[in-house]
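Inspection log for the structure reproduced underneath, given as C-alpha cells.
Note that the chains take the letters A, B, C, D, E and F in the order they are written out, and that residue 1 is the start of every chain.
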Amino acid sequence: MTTRESLDDLYIFSGQSNIPLVQNVVDYLGVPLRPTLYDRFSNDNLWIQLGESVRGKDVYIVQSLTVPVQDHLLQMLMMLDIAKTGDADRVTAVIPYYSYGRSDKKDAPRICITARLVADLITQAGADRIITMGLHSDQVHGFFTTPLDHLTSFPVLSAYFKQKDLSDTILVSPDVGYAKHSSKLARLLDLPLAIGTKFRVADTDVVIDDILGGRYARRAIVIDDEIATGGTMVRVCERLHESYGIEEFILACTHGLFSGNAVERMNNMENLTEVVTTDTVLAPHAYENIKKLHVETIAPVLGEAIRCNHLGQSVGDLFAFWSETAQA
Amino acid sequence: MTTRESLDDLYIFSGQSNIPLVQNVVDYLGVPLRPTLYDRFSNDNLWIQLGESVRGKDVYIVQSLTVPVQDHLLQMLMMLDIAKTGDADRVTAVIPYYSYGRSDKKDAPRICITARLVADLITQAGADRIITMGLHSDQVHGFFTTPLDHLTSFPVLSAYFKQKDLSDTILVSPDVGYAKHSSKLARLLDLPLAIGTKFRVADTDVVIDDILGGRYARRAIVIDDEIATGGTMVRVCERLHESYGIEEFILACTHGLFSGNAVERMNNMENLTEVVTTDTVLAPHAYENIKKLHVETIAPVLGEAIRCNHLGQSVGDLFAFWSETAQA
Amino acid sequence: MTTRESLDDLYIFSGQSNIPLVQNVVDYLGVPLRPTLYDRFSNDNLWIQLGESVRGKDVYIVQSLTVPVQDHLLQMLMMLDIAKTGDADRVTAVIPYYSYGRSDKKDAPRICITARLVADLITQAGADRIITMGLHSDQVHGFFTTPLDHLTSFPVLSAYFKQKDLSDTILVSPDVGYAKHSSKLARLLDLPLAIGTKFRVADTDVVIDDILGGRYARRAIVIDDEIATGGTMVRVCERLHESYGIEEFILACTHGLFSGNAVERMNNMENLTEVVTTDTVLAPHAYENIKKLHVETIAPVLGEAIRCNHLGQSVGDLFAFWSETAQA
Amino acid sequence: MTTRESLDDLYIFSGQSNIPLVQNVVDYLGVPLRPTLYDRFSNDNLWIQLGESVRGKDVYIVQSLTVPVQDHLLQMLMMLDIAKTGDADRVTAVIPYYSYGRSDKKDAPRICITARLVADLITQAGADRIITMGLHSDQVHGFFTTPLDHLTSFPVLSAYFKQKDLSDTILVSPDVGYAKHSSKLARLLDLPLAIGTKFRVADTDVVIDDILGGRYARRAIVIDDEIATGGTMVRVCERLHESYGIEEFILACTHGLFSGNAVERMNNMENLTEVVTTDTVLAPHAYENIKKLHVETIAPVLGEAIRCNHLGQSVGDLFAFWSETAQA
Amino acid sequence: MTTRESLDDLYIFSGQSNIPLVQNVVDYLGVPLRPTLYDRFSNDNLWIQLGESVRGKDVYIVQSLTVPVQDHLLQMLMMLDIAKTGDADRVTAVIPYYSYGRSDKKDAPRICITARLVADLITQAGADRIITMGLHSDQVHGFFTTPLDHLTSFPVLSAYFKQKDLSDTILVSPDVGYAKHSSKLARLLDLPLAIGTKFRVADTDVVIDDILGGRYARRAIVIDDEIATGGTMVRVCERLHESYGIEEFILACTHGLFSGNAVERMNNMENLTEVVTTDTVLAPHAYENIKKLHVETIAPVLGEAIRCNHLGQSVGDLFAFWSETAQA
Amino acid sequence: MTTRESLDDLYIFSGQSNIPLVQNVVDYLGVPLRPTLYDRFSNDNLWIQLGESVRGKDVYIVQSLTVPVQDHLLQMLMMLDIAKTGDADRVTAVIPYYSYGRSDKKDAPRICITARLVADLITQAGADRIITMGLHSDQVHGFFTTPLDHLTSFPVLSAYFKQKDLSDTILVSPDVGYAKHSSKLARLLDLPLAIGTKFRVADTDVVIDDILGGRYARRAIVIDDEIATGGTMVRVCERLHESYGIEEFILACTHGLFSGNAVERMNNMENLTEVVTTDTVLAPHAYENIKKLHVETIAPVLGEAIRCNHLGQSVGDLFAFWSETAQA
C-alpha cells in the first residue's frame, strides 16, 4: 500500500449485524455500500457472497458481534476469507462491538481466554488490520498481532453530556475493572469519580459490596462499557440512593445491548432521567420500548478512522476535531 | 506420545451437539464421560469449562456441526483451546458430522471454500488431529494439515442391508459428485449402480435431469451422504418411478438431518419402505415422527477409532472386524 | 499493491518447461520475456538466476509441471524464492499444468495427498498468488491458501468445436469424477452427456465397466482433463463402439501429455476423427507424430489473467469476451 | 509427553538472574541443578552453553527478568533455543518475575505492548510452556499462546500475615488497576479494602489524588505487585496518615526490586513496621540494607508447579495445601 | 516423546537413493527395514506408499540427495508428509548426503540460497528433526530450525588412515572454504596443512592460483567434502607436483559422487595411490571402474546416531568410541 | 508497494546505538531524521516511542548491535514492533553492524547459533526486510528469510587505499574463515594474499600457528571484518615481522569496536602506520585516543541502499559508482 489520494479503491461491505450503522458510515464517507448476498443452507451452514470483485481494493468488512454472536462471527470470518483469497489489496475487519473482549482472562480454571482465541481466528481468516471500539480492557489490544485502532466513544458521549447541566454530579463506575477508563471520562467532564466494588456472583445476579468514594450528590452518571441486562446498573443506583441519598440517575454506555429484561428494568427505575448509548449495537427492541433512551451515532468516528486508514493518515491527528483534550 | 498401554489417560469431553452419541462411545470404551459446563452470557457470548484437569492427558473433544452449527463450532473451538492451553498431551477433534465439508469449492465467484476455512480455524484453535466421518468429498481430507482419520459408515450400513432381501435391487446415487463413493457401497452389496445427473437450481429447489444407468428393478436403495430437507431424494424416486417403473424405495444416508419439512416429505412418500441413517446427527424430531426411520449407531466405529488412536495402533487393522472387504 | 495503470512493472519469467507458450503470452501482452539463466551442477543440483532485478516489480513465474516434473517443480520453487527474497512487490506462480492436482485424496492408506503437499511447498517458497488451469478437481483450489485464479480451457475448446458439425453427437466423460466438469462443456455445446464408470486397476491398465447414459449417436466427443498414455480414451471409445455402435470419435483434453505409447495408440485408432488439445503442456513429439492432432493455444487466456491481476481488475469481467455463457 | 512417574528426566537449568532461588527450588525437589556456562565476547555478544545433554529430557529454564533485564532476557532466549534445538522433549520457561508484564497496553500512541512482543519472542525461541508469578494484569496471560501457569504469592504472603495481629487493619491497593487482585488478598485475610486513585505523572513522580474507601484504622497493609523505587508506596502511606490518621504501615509485594533510592526511602519512613516481599527478584543490596525487610521464599511454590507439570498432574489440586481458600 | 527403552517403535524407511546403505544401517541396529512401495504415474508424478502403519512410531526416513536429486528430494518430502499425516510420534529425516548444502550463499545477484530453501521445504513437509553428515559449511546447520545432528566421517576416515604410513605426508585442502574443516582432520592425523586458493571460473573449469603453505613432502592426502567430476582434485595434485615435487597422492572425501568423467580422470592420474570415500552416495559405476577406490561405510555412524536419538541419549557420549579425540 | 517516485514517504528512525551515522545518512538523502523518545523504567524495562505517525509510510529503523548489545537489540525489536503494529506500509531493519553474525555455527555442543536466533527474533518483531553490512560469513544471509541487502565496505576501503602507495605490499587475512572475503579486496587492490591459520584458544587469547602464503614485503595491510580487542591483529603482525621481516603495518576492518584494551594495544604497536575502519560502530573512545586511526564513513552506502529500496530500484546498478569492479 502506498498513500492513496482518493476513496475510489475503498470498498466497504457489511455483515448482517448492523446494516443501518454501516449505511451511516458509507453515507458519511460518500461512498457506496458494496452489495453482499447472505444465505443459509438447510443444514444451517452459512453461505455468503461479496457482490463485487475486490481484486486490488482496500476492503473493509464491518460486523458487530451481536446476537446471534456466533453466526455473526463466522459470517465475518467468511467475508474476510473471501476478501483475502479474492486478492484484495488489504483487508480490515471493522468490529464496532467486540463482544468477546469481556472474556479476557482465566478467572477460573480450564476456561477459555476467548478474546484471544477469537482474535487469532480473525487474523487466521485474513484480517490484515482491525478497527474496533470500547474494548472491555485495554490489554485486549495486545491479543491482536495486526495493527489495531482502538476507538473510543467518550468524545461523542462527553460532547453530548457537556450540553447538559452537570452541577452537583458525580461519575460512577460500577466496577473497579472499569475504573481506569471511567476516570478518563471524569476528567473530560471534570466530575468526581466513585467506584463500585462489585462482586459478580453469577452472570445476572450481582451483589454490590460497597461504593468506594461514594458521597452525596444531586445526580449520578453511571458509566459502563456495555449494558446487557442492566442488573449491575440498577443495583449500583439502588446502593447510591440508599447510602448517599442520590436521587437522579443517568445511565450511559458505549454498547447498548439491552438483553434479557433490560427494557423492563430501565422503564421501572423511578429516579432514572436518561439512558445514553451509541449505535455500535443494533437494538431496535430497545429503541422502540425504552422510554428515556437517547442514542448517539458513532458512524462519523468509524468513518474518519476508515478514511484515515485508507489514505494512510494518522488517526490521532484527525481525531482532534472531536475534542482537543481527548486525542488518543 | 509413545505407545500407551491402557485407557487411563484417555479423556473424552463432549460439546452439546450430540451427547447421547458420545455417551454411547464412552460406554463402548468403558471410560467415563468427563464433565463439561456450558453457559451463555447475557450478550450471547459462550462460556465453557472443562470439568477436569487435562494436564498430560490424551484429550478427545467430540462435537457434530449440527443446528445451531455456528454455536457448536465455536463451542468446539473453545474446548480445543482450553485443552491445548490446559497442557493436554494431545488434542483430537472428533467431528462425526462436518457440515462445512459441503462447501468445498468455488462454484461461484467471491464465495468461501468454508470447508477449508473451518479446517484452518480448528487447527488454529488447537486440534492436533481429527477424526471425522462421511466427508462430502474425499478431497476435504486435504484441507486439514493434521493427521485425520476419515471413517465411513458403509460397513455399518452394508451390514444392516445384508440382512435384507436385496434381489432385483439397484443402488442409486442422486448426484454424480457422490457417484464414486456410492460405487463402493454398490460393490459391498454387489448391486448395480445408477446415477442422477442433478442440477441444483437453489438450495432446496432441485431438478433431476436424468438417471444415468437407470433401468427397471423392483427396488431401489437411494444413498447419499446426508439427507437435509430430502427434496433431492424425493425427486430421484419420482424420476425412477416414472421412467423405469421402480415401485419400492429405501432411502439411506450417513448424516440424517431431516431439516425443513423433511419429516412430512418422508411420511408422504407412498412407495417408501424404509429410511436408514446413523446417529452422527442427533435428530429427535425425526426419531419421533418419521414412521419408517431406522437408525444405526456408529458409536462403536468412533470408539474403535479413538481406542486405536490412543493406543497408537493402526486404525486399518482394527477396522477389519467390520467387514473383510471394507478395510480403509 | 495499488491499482496499477500500465504494464511497466509487470515482469514475466519462464521456467524451462514450456518457453514457447510463455513467449506467446508475453507477445500477446506486448511485454518482453525477462531473461533467466539455467544451469545444473555436476552433482545434479539445479542453479538458476533471474536475469533482471525484480525489486518492487510485479513478478510472474510461469512453469508447467511436465516431464521431468520434479526438476521443473524445484526450478519453479527456486525462482519463486529468488523473486521473494529479491524484494519483488508480489510474486505469482503461473502453472498452466499442475500435474499433482491428480493426487488429491487418500484412496489408499499411507499415501500422500501430494496436491496439498506441493501447494504448501509453493506457498512456502514465496508465491503470493497462483494462476492455474484445468485442475483435476475443483477442491484442489482449497489446497492453496493464497488467492488462486482457476482458469478453464472450455471457452477455447468450445469455440473451436462450435465451428464444427455437432449434429447427432454426444459428449462423453470417461470417468464419474470428471462428470461434473464435463457437464459444463455439454451445456456450452448443447450436447447430451454420457459417463464411463471406470475402475482403474493400475496406472495404465484400465477396465471400463459401463457407460452410464450411453446411447447410439453418430459421433462422440470424449473429453478429459488430460491425456497421458491415452489408454482410458481408447477403452471408452471401444466400449462406445461395441455397445452403442458409435463410429466417429473426437478426443479432447486440456492437458495433452501423450506419454508412453500414446502417439502410437492415437495413430492406430480407426474411427478417430481428431485429437484436440491445448498447449498447457509442451509435447513436440506429439505435434510431429500424431496425425490428427489439433492444438489450440491458451496463451490469450493466461495473458488476460495476468493482465487483470496486474491491473487489479476483475478476472471474471474480462473473461466475458471468451464466451457470454462461460463466465467463471 | 505421557504421564511420567519419576523426576529422573526433569532437568532444571538456571540463567544468571537468580541462582539462589533456583538452588532452593532444586533442593526442594531433590534434583540437581544442571550446570550452565556463561560468557561474554569482547563485542558484548553473549555466549552460553548448557552443561549436559538435554536430548529427550523435560527441561525447565529458570530466569527472572531483573536488572540487567535485556541481558537476562536474551540469555533466556538463547537457553530456550539451545534446549529446543538440542532435542529436549519439552521446554518450559520459568519466569518468576516477568518485568515486561507492566507494558501491557498502548496508553500512548506509537509505543510497544512489550508484554506481548516479549511473549512472542519467548515462544519463537522455543518455549513450549510458561510458568510465571504475579503478572501485572491477568490479561497478560492471554499474550502467551502456550500453556501458562500463572502462580500467585498470596498463599505465601497470607500465611505469613495470618501469624500476625491483624485487628483494626485495612488492606490498601495503591492503584485501581491492582484493586481486583488486592481484593483477593483482602478476602484471604478478611480485611476491608481501600484503593488509591493514583495518577502517574512520570515513571518515578507520582501524585495520589484520593483514597477510595479510605477510613481510620490502626494499621494499614499496603500491597502491590512490585516495589521498584517505592515512591508510590510512600505517597499512599503519607496520604493515609494525613487523611485518616493511620499510624502503622506494612508494605508488601510479590516482586521486591528496591531500585533507585528505595532502600533509603524505606529506611526513612517513620511509621513503617515491616516490608514483606518474596524472592522472585534477587536483591542483595536490599537484603543487607533495608532494616525492616522480611523475605518469604516462593521456591516451594515454583517447585510444586514444576513437579506437577513434569508428572502431568493438576496444579490446582496440589496447591490446596497452601491454603484451602486460595485454590486457583 | 519420553525416554524409550527398546527399539520396538523405531521404524526406518528408505527412499530409493541408497538402499544398500540403509540395509546396512538396519542390520547394524538389528531392526527390520520397513517396506516402501514406489511408483511413477504416466505424467511423471511420483507415487509412494509406506508399507506399514506408522501411528505412534518413531519414524526415520533415509534419503541421500543423489542423482536424480530432484526426484529423490520430492520422494523424501512425500515420505515425510505421509509419516506426519499418518500420525507418527516423531519424524526424522536422515540425509547422508545433503547435496544442496553447497548452495549456501548469494555469490551472484538473484540466485537462490537453495540450502535454505530446501531446508524449509523439508521442515514444511513434516520433518521434526534432521540427521545429516558432512555439510558443505557449518553454517548450513543454522538453515534448519529443527534439532539437527551434524555427523562427521572424519573418525571413520582417520581410523582408516591411521593404519597407514603417514610419514612425510601433508594434508591438503583444495579450497580455503574447506580449510577449517580440513584442519580438524590434520589434527586428528597430526599432519601439516596446506590450502589451495582456488578460484572457480565455472562449475567444472577450475584454476588453482596458489597453494598456501605448500611445501615439499613425499605424499599428500587431498581431502574435500565431496568429489564430483574430480577436476579440482586433479588440478591441485598437478600444482603440488609441479611446485613442490610431491609424487604420491591420496584423494579422500566424504561424499564420492564421481560424476561426469571422474572415473576416467581418477584412472588416468599417474601418481595416484588411492581414492578413499564413504558410502553416503551410492555410486556403483565408480565402485566397478575406479581401480584404486576404497569405500568405508558410515552405516555404524548413522546407526548409532539413530539409536541415540530414539533412546533419548546424548549423541556426543556414544560417539566417543569412534575416536577419543574426535568427540563432537 | 509500487515503485515510488519521491522520498516523501521515506521515514527513517534511529535507535540509540549510532545516531551520528544515521544523521549522516539522512543528511545524505536530504530527508529529516524522524524523532524517537527513549526511556527506561525503574525496573530496567525499556520504553520507546516513535515520534511521528508511520501509517502508510516506508519505515527504516537503523540500529547497530553495539555495546550494550542486548539493550540495543531489544530497542530495535520494540521499534520494529511499533512500526509494524502502527500500520507502516513496510518496515526495514537497517543493521550496520550485526554483532551476532559471529555466532553462526555450533562449534561446541549445546550452544546457540545466535545469528539465526536473532534473525528469527527480528523477523518475528516485524521486519519485512533487512539492510546490513559486512556479515561475518556469507551464509548468515540465509538465516534471514526476508529480503536482505548485504552491503560491503570494500569499495569504500579500497577507494581509500588506492590513494596510497601500495607498492611491495601484501594483504593479510588473519583467519582462513575470512580468507574468501579478503581475496575480494586483494583483487580490488591487486595485491597478493596471505592467510593466518589462527587457532583461537579463548575469546581474547589467540595463538597464530602459521601464515599460509607468507612472504617478505615492505608493507602488510591486515584486514578483518571487525577489530574488537585487537589481539588477533597484533599477533598476526608480530608473526609477519618475525617470520618474514615485514616492517610496516596497516590494520583495516569494517567494524571498529576497539573494546577491552584495544586502544592501548594499537598505540603500543611500533610498526603501525595506520588503523583504518568505518563508522558502522560508534566508538568515540577510540576516535579520541587511537593516534593513527582513520575513519571512513559508510553513510553514503547506507543512504544509497535505502534510496534504492524505497524507490524500487536495483541496488546493484546504483552501486556501480563505487567501483566498476566491485558490483555485488
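To be clear about the criterion, a residue touches a chain if its C-beta (ideal position, glycine included) is under 8 Å from a C-beta of that chain, and two chains touch if they have at least 3 such contacts.
Source: prediction; values computed, not measured.
**Student:** How many hops, at fewest, get you from subunit C to subunit E via touching chains?
**Tutor:** Graph distance in the chain contact network comes out at 1.
**Student:** Find the pair in B-D, A-B or C-E that has over half of its contact pairs, by residue number, in common with D-E.
**Tutor:** The D-E interface is reproduced by B-D.
**Student:** Shared interface numbers for subunit B and subunit D above half of all numbers used, same, or below, different?
**Tutor:** different
**Student:** Which chain has its C-alpha centroid at the greatest distance from the C-alpha centroid of subunit C?
**Tutor:** D
**Student:** CA centre of subunit B versus CA centre of subunit F: separation in Å?
**Tutor:** Subunit B and subunit F have C-alpha centres separated by 62 Å.
**Student:** Report the inter-centroid distance (CA atoms only) between subunit B and subunit E in whole Å.
**Tutor:** The answer is 50 Å.
**Student:** For subunit D and subunit F, what's the span in angstrom between their mean Cα positions?
**Tutor:** Taking the mean C-alpha position of each chain, the two centres sit 39 Å apart.
**Student:** What whole-Å value do you get for the distance between subunit E and subunit F if each is reduced to the mean of its CA atoms?
**Tutor:** Each chain's C-alpha centroid was found; their separation is 34 Å.
**Student:** Show the residues in subunit D shared as contacts by 2 or more other chains, in ascending order.
**Tutor:** Within subunit D, the residues that touch at least two other chains are 1-2, 53, 85-86, 109, 113, 120, 145, 316.
**Student:** With chains as vertices and touches as edges, which is it: line, ring, star, complete or other?
**Tutor:** Chain contacts: none of line, ring, star or complete; other.
**Student:** Which of the chains touch, listed as pairs?
**Tutor:** Applying the touch rule to all chain pairs gives A-B, A-C, A-D, A-F, B-C, B-D, B-E, C-E, C-F, D-E, D-F, E-F.
**Student:** Can you check the complex and tell me which residues of subunit E touch subunit F?
**Tutor:** For subunit E paired with subunit F, touching residues are 104-107, 109, 113, 115-116, 120, 137-143, 145, 150, 176-177, 179-180, 183, 193-195, 197, 199, 210, 212-213, 316, 328.
**Student:** Once bound in the complex, which stretches of subunit B touch subunit E?
**Tutor:** Against subunit E, the touching part of subunit B is residues 1-3, 129, 145-148, 308-309, 311-317.
**Student:** Help me check something: in the complex, which residues belonging to subunit E touch subunit B?
**Tutor:** 1-2, 4, 9, 53, 55-57, 84-87, 89
**Student:** Over in the complex, which subunit F residues touch subunit D? Could you list them?
**Tutor:** Touch residues, subunit F against subunit D: 39, 41-54, 66-71, 73-74, 77-79, 81-82, 85-86, 99-100, 102-103, 108-114, 117, 120-121, 124-125, 203-204, 226, 228-229, 257, 259-260.
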